[in-house]
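Presented below are the structures under discussion, each in the form of structure tokens.
Heads up, the next two complexes both have chain A, just with different partners, chain B and then chain C.
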Partner chain A sequence: MSLPIELALVALFTPAAMAVILALVPPLRRTGRPAAWLSVLAASISLGASVWLFADQLGHPSRDLLESVRWLPHAGAAMANVGLRIDGISAGMTLVVTLVAFCVQVFSLDYMRSEPAADLGRYFTYHSFFIFSMLLLVLAPNLLQLFFGWELVGLTSYLLIGFYFKKPSAAKAAVKAFWVTKLADTGLLLALVVLYTHTGGFEWTSHPGAEVATIITLLLFVAVMGKSAQFPLHVWLPDAMEGPTPVSALLHAATMVAAGVYLIVRTNPLFAQAEFTREVMVWIGSFTAVFAAVIACVQTDIKKVLAYSTCSQLGYMVAALGAGSVMGGYFHLTTHAFFKALLFLAAGSVIHAVHSNEMSDMGGLWKRMKLTTIVFVIGSVSLAGIPGLAGFFSKDLILEGMLESGHTVPWLMLLGAAFLTAFYMGRVLFTAFFGELSEKAKHAHEGGWEMQLPLVLLAIPALGAGYFASRFAGMWHLEYELHLNLEAGAASGLAILGFAVAYVMYGRGAPVATPAILRPIAKLAASGVLDRFYEGLYRVLGLKLAGAVGFFDRYVVDGLMNLSGYLALTAGQKLRRLQSGNVRDYVFVVAFAIFALSAFGILR
Partner chain B sequence: MIPHALLILVAAPFVAALILLAVPQRMRLVTRLVSLSAALISAGLSVWVAASWDMARGGFQFDERYPVVPSLGIEMHLAANGWSAALLVLTGLIIVGGVLASWTQERRDQEFYMLLLVLVAGVFGVFVCQDLFILFLFYEIAVLPMYILIGIWGSQGKVEPRGPFKFVYEFLDVGGREYAAMKLTLMLLVGSAAILVAILALYSEAGGTTFDMIALARHHFDPATQKLYFPMVWLGFGALAGVFPFHTWSPDGHAAAPTAVSMLHAGVLMKLGAFGVMRVGMVLMPEGAIAWAPIVGGVAVINIVYGAFGAMGQKDLKYIVAYSSVSHMGVVMLGAATLTVDGWNGAIFQMVAHGVMTGLFFALVGLIYGKTHTRWVPKMGGFGRIMPGIASFFTLASLSSLALPGTAGFIAELLVFIGAWQSGHPVWAVAGAAGAFITAVYVLRAVKRIFWGEGPSEEFAKLGDAKHVEWGALVLLGAAILVFGFWPAPILDLIDATSTRLVQALYPLVLAVNP
Partner chain C sequence: MPLAAWVILAAALFSIGLYGVTSRRGAIGILLSVELMANAVNLLFISFGRYRGDHLGQVFTLFAVALTVAEVVIGLALVILLHRVRRSDVRVDEVKELHG
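After this line comes the complex of A and B, so read on.
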């Protein structure tokens, strides 16, 4: 076994072992903080191995390793393997996942401090299990194992959204997230079935023909729409904010929701054969980018703004991959993971300080929380795509890819979304961090070092990751060139304009009122049309139908069974009269029979 | 090599039941220990058979023959193929779990354990017996004790008279435990009658010299005969597998039965039905199977979707689990109907997966009922606070039920759906996958309603988690779900070795019909 494989195994199985130990030894788990520290220890070992693995991969950019063992048999041979595939793509993602996961766990040490010990242990057990599941997905050598990890991260998402399971809204959000993503995952399951039937394996490098590839990729894309919150299956993501804020940072911003994008990057050989699917992706991605950005502008809950922003940015990635810009999509995934995790953790730091998610309860935090404000500014500016920061490089690549592939309208939509992104981030910045100190913010202060360290750690790549674009491209065997042309200028100009408009509207300490043109949208968003549509479907197609089936089964199918029993019983009751025990009756029957038979014999 | 391994395996529970006759009533612990030892001997031998079954050799192994009625060609021929080996392991797990789960059974515990052991001896017998006549005998031994077990130890229910046959419901005591016991027994016995006819027909068609299935498999039955008798075997055994519309004994029966009986019945007895359809129906009458496969598969799809909706409409926890069994047994029958290696692997693996999953479910429902004295889901809520262990295991069983990767249920369903697509019925696969989604809807809803949210209400606030022996069944079956889910190869290799050989024999016939 070579060194990279060993490193990947360490990164994968240290958190897994920790999750198993914490799950199987309740007394240890219920100690709370010791369990939390053990989990952080496992995460740091995993991170160390990933850093080493990544550095090693940088030294051998063209290396592509595969190590697998038989998992399912078919006719005595292997039907499917499990194993590790280590190349530039998986090594990069492994680093992103373990880095963000490590930061989030350290952050949680302080953020979750007031939780009861048993719950704290449970929280960190889930976190350890998450790293394992996510890396299982990232390092998968085939689509089956990828699906395996995909569903396990869905499970951790369900468990972590429902972490406060006693709260009805959290319980509801967790179940909703599972239902929506599970519905979408049916597509991935069927994609596996079709892929295996047509190619005899679960490899994404196979060539099943254009038509089959289109079917497979469409099915895959349905799953991506669920996991990566694309319209109209995005409805679970805003609700998922019921989970603790560090969870939102890790799962619902940086890594798990990006799994859909990662899936497309990995299975790109299949997507490359399916032009129709890619066209669908461009449009759905662009629409989601604009749609979610508009809704983000009217939210008053800081986490909801960030959640819709995540939807919107995932839309960028999906559109980029649809347009054939793998580098754009994947690179944006990477930079987004850093700055969005940073933004969520900074928001967590604020929520921890003011005990509210509402932006109207914040305001003037700059005076109390210098570090948090600085990193939030870095994150926002990076997200908005101001030149020089990480987000600029990746967003520029996407826009360029759009235009190059001839998708002018989607390009314009994404440009519009870029403006909106800067606007809603500016809105958060100016209302929450600047202006007058609000009542609740008066006693705000920074968290402990556990909360500050991750902010600093994540701010570094959010600032500078863009300058490594060409190194990444080399590892991923993709083309990369930075063009500072007019189009790039347009996007940056719009971003600056967005901030400027936000400043004009909110810069002087104005309240978080919704801008007049957006009021109808705010109303629409608040009414939850789509949610109500799904709920209606659930009531009619789910509960009503289930009630009908229940009745039909109990009173018709079973009714017929009971009817046969009833008929047998009543027939028995009736026939019983024949055997009355009365000799006269028997004699009468015998006499009648003799008469009847003789009559029959004579007349014949 | 252990001599007479299969005979000991089958006889141990039976002998233990006889020993219990001699144990005084008041020696409760002895009763339990005798039962547990028998269960452990059989389970241990099952694992041993599975572990030492020679994959390279395949076919039937551990051959044992004991003449019974030589003049009619009846002999007790015990042997295990890969399927048997896998299902023996399942039965071993469930009976050990069942004995542990009834540890606190107080009323007439000795008779209860005796019947339980007799029942499981019958189950073991069916899985390893290669003689049709004796197989039928074992089948009846497995089915009949249910009548007494439900009739005496069962729980009462009541169904409101409604619907087009209202007068029938007013006349019968629908929902009561005698009703449930009687319905179950009668429906299964009608099935048995059909099976018996088919068995005798095959026996006489093949010359009336042997009941040995291995010998009968070599005989080429006339295709017309096969097409005539296959549906009798399908529906006859199928009634026990919950094939629509002969599944209605299952919800009432499972709901009325005491915990361990539900565990055994849903966990292994229903598998006897599906196993019978495959082993007797499809292997002995391949052309009949090919002709009837589209119907068998179509009905299986109805089972999956209809059962899942049925489960969603229930409020009684046991009915939810019982309907989910109807749905999951549909997956088994669907896999069987595909007549492909992957489909058959999936079908047998689903028997194992569903067995441990539903066994765990019923053990949990029993525990919850034992504490709260209710199975009515709307009365529950917030139980996660007071019984975190039960909540965790219930979630695990639910995840296997909705076929989450990492649990045994996933592998089974994946294989079955692949088989369905390969057999040229994509619709089956799509409907099956939809069934898995509907399952996700109702099981997670149940988890949420029982364990999450506000509560528990005052009446339940002081209840605790599982204790001592109660953990036994949970840990055993929960571990099985995860082990089979993460590392299915040991069990699946056994199944695959047999499926491959049987499907290869079938393949030329399939090609002849469907080139």
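After this line comes the complex of A and C, so read on.
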């Protein structure tokens, strides 16, 4: 085993071991803070191994390692292997996952301080398990192992959204997220079946032919739409904000929701064969980017704004991958992970200070929370794509890719989304952090060092990750050049314009009123029309189908069983009368039978 | 004596036995009648064996005698058990607890 494999094993199994220990030793878990520190220790070991792994990979950019053992034996050959695949993609993603996970865990030490000890231990057990599941997905050498990681992160997502399971809304949100993503995951499962039937394996490098590749990738994309919250399967993500804020930062902004995008990046050899699927991706991605950005403009809950923003940015990535700009999609995934996690943690810091999610309860926080404000500004500006920050480079790459592949209308949609992004982030900034100090914000103060350190740690890549774009591209033998042309200028101009509009509307301490133009949209968003559509669909299709299947089971399957039982019983009731218990009756029957048979034999 | 005479004798014995089995009430009497029927069959075996001119009929009879002994043993054991339980003469008409 070579060094990178060993490092990856350490990164993968340290959190797994910690999760198992914490899960199996309840007295340790219920101690709360010691358990939390153990979990952070495991995360830091995992992070250390990932940093080393990534640095090693940077030294050998074109290296592609595969270490696997036979998992499911099948007629001599292996049906499927389990193992590790280490190349530029997985090494980069491993670093992102462990870095954000480490920051979030440290942040949680302070954020979750007031939780009961037993709950705190449970929280960190889930977190350790999440790192393992996510890395299992990231390092998977084939689609089958990826599927297992995929389902496990779905499970941890369910557990963490429902962390406050005594709150009915949180429990409902957890179940909703689980159902919606499971529905979508059926696509991944079916894709696996189709892939195996046609190629006899679970490799994404196979060439099953254009039509089959289209079917497989469409099925995969259904799963991606669920996991990465693409319209119309995005409905679970805003509700998932019921979970603790650090969870939203880790799972529902930076890593787990990006797993869908990661899946496309990984299986790109298949997607490259499917023209039609990529066209679908471009349109759905662009539409989601605009649609979610519009809804983000009318939210009053700071976490909901960020959630819809995540939807929107994931739309960017999906559209970029559809347009064939793998580098753009994956690079945006990476930078987005940093600045969105940063934004969520900063929002968590604010929520911790003012004890409210509503932006109207915040205001003027700059006067009380300098560090949080600074990092929130960095995150917002990076997200909006102001030149010089990480988000600018990746977003520019996406827009360039869209234009190069000839998708003009989606390109315009994404430009519009860029403007809206800057607008809603400006709206959050000006209402929550500047202007008059609100009542609830009067006693706000920064959290402990555990909350401040991750903010600083994440602010660094949110600022500077863009400058590594060429190193990043080098891992796929790609050239990266920044084209400072009109298109790039248009995007950043629109972003600045967005902030300017937000300043004009909210900059002078105006209350968080919904702009008149957006009021119908706010009404639409509040009405939950899509939720009701799904509910109706569930009632019409789900319940009717269940009713029909239930009818069949009750009256046809059970009916046959009951009929055979009834026949046997009735026949027995009739036949028992022959058994009189009188010996002479039997003898007469025997004698008569003998005579009858003899007569038959003679007369025949 | 011709073969027909032996067959008629055997048939007569068998019929007497059958009559006994159907008409007797006591278990012992029934057993005796069954024995009579069995021996009628044995007689037939030997007669036909003689008629064929080999020893096959006698061999069969030896087996049949042994089997009949086993049957009688079980029958008598039942009679003794029934007698112990009921403490009276064993009347087969009264033993019908197992009827359907």
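As a convention for this text, the second predicted complex is superposed on the first by the 535 of 604 C-alpha atoms of A that agree within 3 Å, B and C clash if a C-alpha of one lies under 4 Å from a C-alpha of the other, contacts with A are read in each partner's own complex, and residues count from 1 in each chain.
Throughout what follows, a contact is a pair of C-beta atoms (placed from the backbone, for glycine too) under 8 Å apart; a residue touches a chain by one contact, two chains touch by 3 or more.
Model, not experiment: these values are computed from the prediction.
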Message: By the touch definition at the top of the document, which applies to A:Ala117: first (chain B), second (chain C), both, or neither?
response: neither
Query: So, A:Leu412: does it touch chain B (first), chain C (second), both, or neither?
result: neither
- request: Return first, second, both or neither, reflecting whether A:Leu403 touches chain B, chain C, both chains, or no partner chain.
  value: neither
- prompt: Of chain B and chain C, which one contacts the greater number of residues in chain A?
  reply: B
- request: Determine, under the contact definition given at the top, whether A:Leu152 touches first (chain B), second (chain C), both, or neither.
  value: first
- request: Could you say whether A:Val10 touches chain B, chain C, both of them, or neither, answering first, second, both or neither?
  value: neither
Query: When the two structures are overlaid on chain A, which partner does A:Val51 contact: first (chain B), second (chain C), both, or neither?
result: neither
- request: Could you please specify the touching residues of chain A with respect to chain C in the complex?
  value: 575-584, 587-588, 591
Message: Can you tell me which positions in chain A touch chain B when the two form their complex?
response: 70-76, 79, 147-148, 151-152, 155, 158, 162, 165-166, 168, 171-172, 174-175, 178-179, 182-183, 186, 189-190, 192-194, 196-197, 538, 542-543, 545-551, 553-563, 565-566, 569
- prompt: What residues on chain C touch chain A, complex-wise?
  reply: 18, 21-22, 30, 92-93, 95-100
Message: Quick check on the complex: what are the chain B residues that touch chain A?
response: 159, 162-166, 168-169, 171-172, 174, 183, 186-187, 244-245, 248, 251, 306, 309-314, 341-342, 345, 382, 384-385, 399, 402, 404-406, 410-411, 414-415, 417-418, 420-422, 429-430, 433-434, 436-438, 440-442, 444-445, 448, 451-454, 488-489, 492-493, 496-497, 500
